[in-house]
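Each of the next two complexes has subunit A plus one more chain, namely subunit B in the first and subunit C in the second.
Presenting the complex of A and B:
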């Protein structure tokens, strides 16, 4: 498990470094502003693509599970904790 | 167990008590009173914006006063005192202590709020809840502006006293057999939000003093004519009030942590990740204040730092959402009123968070700055998440406080209408912002899209207003005439309702 977490951490750093490079390598000279806008819009669209996909998955999961795990569902069964003083 | 209304006591006994549940009850009643006052102002604002031109509010100055007091009331006099009500009621019981650590200080913290509320309402200032300088120091009419400043000052002192009490109660007064890792997540939410207040609030306290001395003309901290800088005020304000967002939202999430496992009939999926997320939020809350100020001429690098700092809140927020989803997985959910509010709150929390991610990105921030997008975004948080969590918890604690059950059907109608109304008002306001409608305007040009969306938002607000009337009727009627609650298991979900009956603390 620790190995997997370590691998994910390394991958996360590898993804973050190039993104951070855009921001901190940029100077303040006139003329660069337009390029930076393009870069940041590009980043924004990529982020929003991810956000909408994740949002759809999470919202869909919540909607499905409140339907599936409602107590009136034909397949509903008691949880292992019912009847105990948890 | 405190069955406040089943064993009536003279009102003065409750008012002058220092017992934690009595103080909690006072907080509860006062915060609900201000909820309805602030909500009434919201309805008036929405009625005014139903059509272009002057509708029911006579002039722009009055409109400005109304949205200033609306925002100040609902943030400082409803949400925070409501959280204090819940904390006062349950934190000592959760940590198994006889009362709050400093009961008299606790009562003082409460009794500072009514005069502060009176100052804010009797003054009726017009400079927005942000007290926008340099207007607020140069030409905002007194004594309204000064009364607002003093009101906020008093509320800040109250918050600090309350926070000290929560921190000491949880850290030092918990039962010796109970480690911090066994303290319920609701109590953890109060611990982390109290720590945020203690770090953030002094900055705003200083800013308020500077604002006051600027108004008196003895200093010019934020007055450009005297060499001051209004942007400095923006930094001081948002250093306090961006973390304050987490002060508002963290207790509401803590309340959901009580409701969702109970009605899912299984323990929370990951207690540890809940604590981790609270602590993370309380830290990263301080790394994002300047995202409110992208349009003030900050350098690209600064903006990028604050964009990344803002996005750092996403993983912590996601931990909460995934914890709730995992808890409900393979459960047997009873959709009683509190659970409906909690699930609605999670759904809207996610939507509000997604809007926040977009907002934090510089390009869209410039497009939406000071438009109705921003109004929609933060209202989706304060109404859709914080108020939903809080109202759900109010239904949950209702049998505990009154010994009676509320009317379940009315509770569900309240939820459904509020949910529909909230979506109609605040989702529409996001779109309205993208169409370019500025916030804080009394009148607007008759652009067909603006009119349609303002009308949708205003109708949504009226639906919320009606639902709140149903809520009020339910609360008042059921407190006296509701069915007596089966106090061991009022919602019929099995297990123990709450903290055991024996855990009640005797009055003193």
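Presenting the complex of A and C:
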């Protein structure tokens, strides 16, 4: 079953993405006059905003976890793996 | 130990949504940047060790210098005669590989008169560093 899902996932990557790109290229309407500097900078700016926000959330979560689940935290509880002799 | 899985699903959902959004934005920017206007003037750009040749639609050729006008779009057909080069107008974020036996496309629309550097961005041999050109953007003559 897992193999079938994996195969489907690989097929999706191999088939769906090229088809989507092909479909996208099919609308080959003429482009508009635009300043590519602006388009590229805007994209970069948005991507960097997302990257920094995601980076802050992920690192903040990790820092909070390390702080909250340290052994010396007042609310720390032993896990079953550590035994009950606390 | 059983636990609620909804935070995980929210996390997965947020990640998938973000990836879709990032992909869509990048795709849209690529579409905008790659679709050249219908009335774009075609300029054939040929790189060879170690200079650039430009051929306008009317057959006029320029070497090391390219004259264009503001308010018009230009589509570059970029190729090479010998080794791989890369055609770059830094100030206009134009960058396209020049590959022997292949024609690559890139376009731009200059909006202000001025002079800009053209530079090869693919190491192409001894004098690569000096494989430069000059882009001269002028206001329309008439």
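Throughout what follows, the second predicted complex is superposed on the first by the 48 of 86 C-alpha atoms of A that agree within 3 Å, B and C clash if a C-alpha of one lies under 4 Å from a C-alpha of the other, contacts with A are read in each partner's own complex, and residues count from 1 in each chain.
Everything below uses one rule, namely that a residue touches a chain if its C-beta (ideal position, glycine included) is under 8 Å from a C-beta of that chain, and two chains touch if they have at least 3 such contacts.
Since the structure is predicted, the reported quantities are computational estimates derived from the model, not experimental observations.
Student: Please name the chain, subunit B or subunit C, that touches the greater number of residues in subunit A.
Tutor: When the residues of subunit A touched by each partner are counted, B comes out ahead.
Student: Could you say whether A:66 touches subunit B, subunit C, both of them, or neither, answering first, second, both or neither?
Tutor: First partner only, subunit B.
Student: Is A:8 touching the first partner subunit B, the second partner subunit C, both, or neither of them?
Tutor: neither
Student: Could you tell me if A:56 is touching subunit B, subunit C, both of them or neither one (first, second, both, neither)?
Tutor: Touch status of A:56: no partner.
Student: After superposition on the shared chain, which partner residues are touched by A:39: those of subunit B (first), subunit C (second), both, or neither?
Tutor: second
Student: Is A:47 touching anything from subunit B or subunit C once the two structures are fitted on A? First, second, both or neither.
Tutor: Both partners.
Student: Taking the contacts subunit A makes with subunit B in one complex and with subunit C in the other, which residues are shared?
Tutor: 24, 28, 36-37, 40, 43, 47, 80
Student: Hey, which residues of subunit A end up touching subunit B in the complex?
Tutor: 20, 23-24, 26, 28, 36-37, 40-41, 43-44, 47-48, 51-52, 55, 58-59, 61-62, 65-66, 69-71, 76-86
Student: Applying the document's contact rule, which stretches of subunit A touch subunit C when the two form their complex?
Tutor: So the residues of subunit A in touch with subunit C come to 24, 28-37, 39-40, 42-43, 46-47, 50, 54, 80.
Student: For subunit C, which residues count as touching subunit A in their complex?
Tutor: 1, 18, 21-22, 25-27, 29, 31-38, 73, 92-94, 107-109, 111
Student: Using the touch definition from the top, list the residues of subunit B that touch subunit A in their complex.
Tutor: Residue list for subunit B touching subunit A: 264-267, 299-301, 304, 308, 321, 325, 328-335, 343, 346-347, 350-351, 354, 357-358, 361-364, 494-496.
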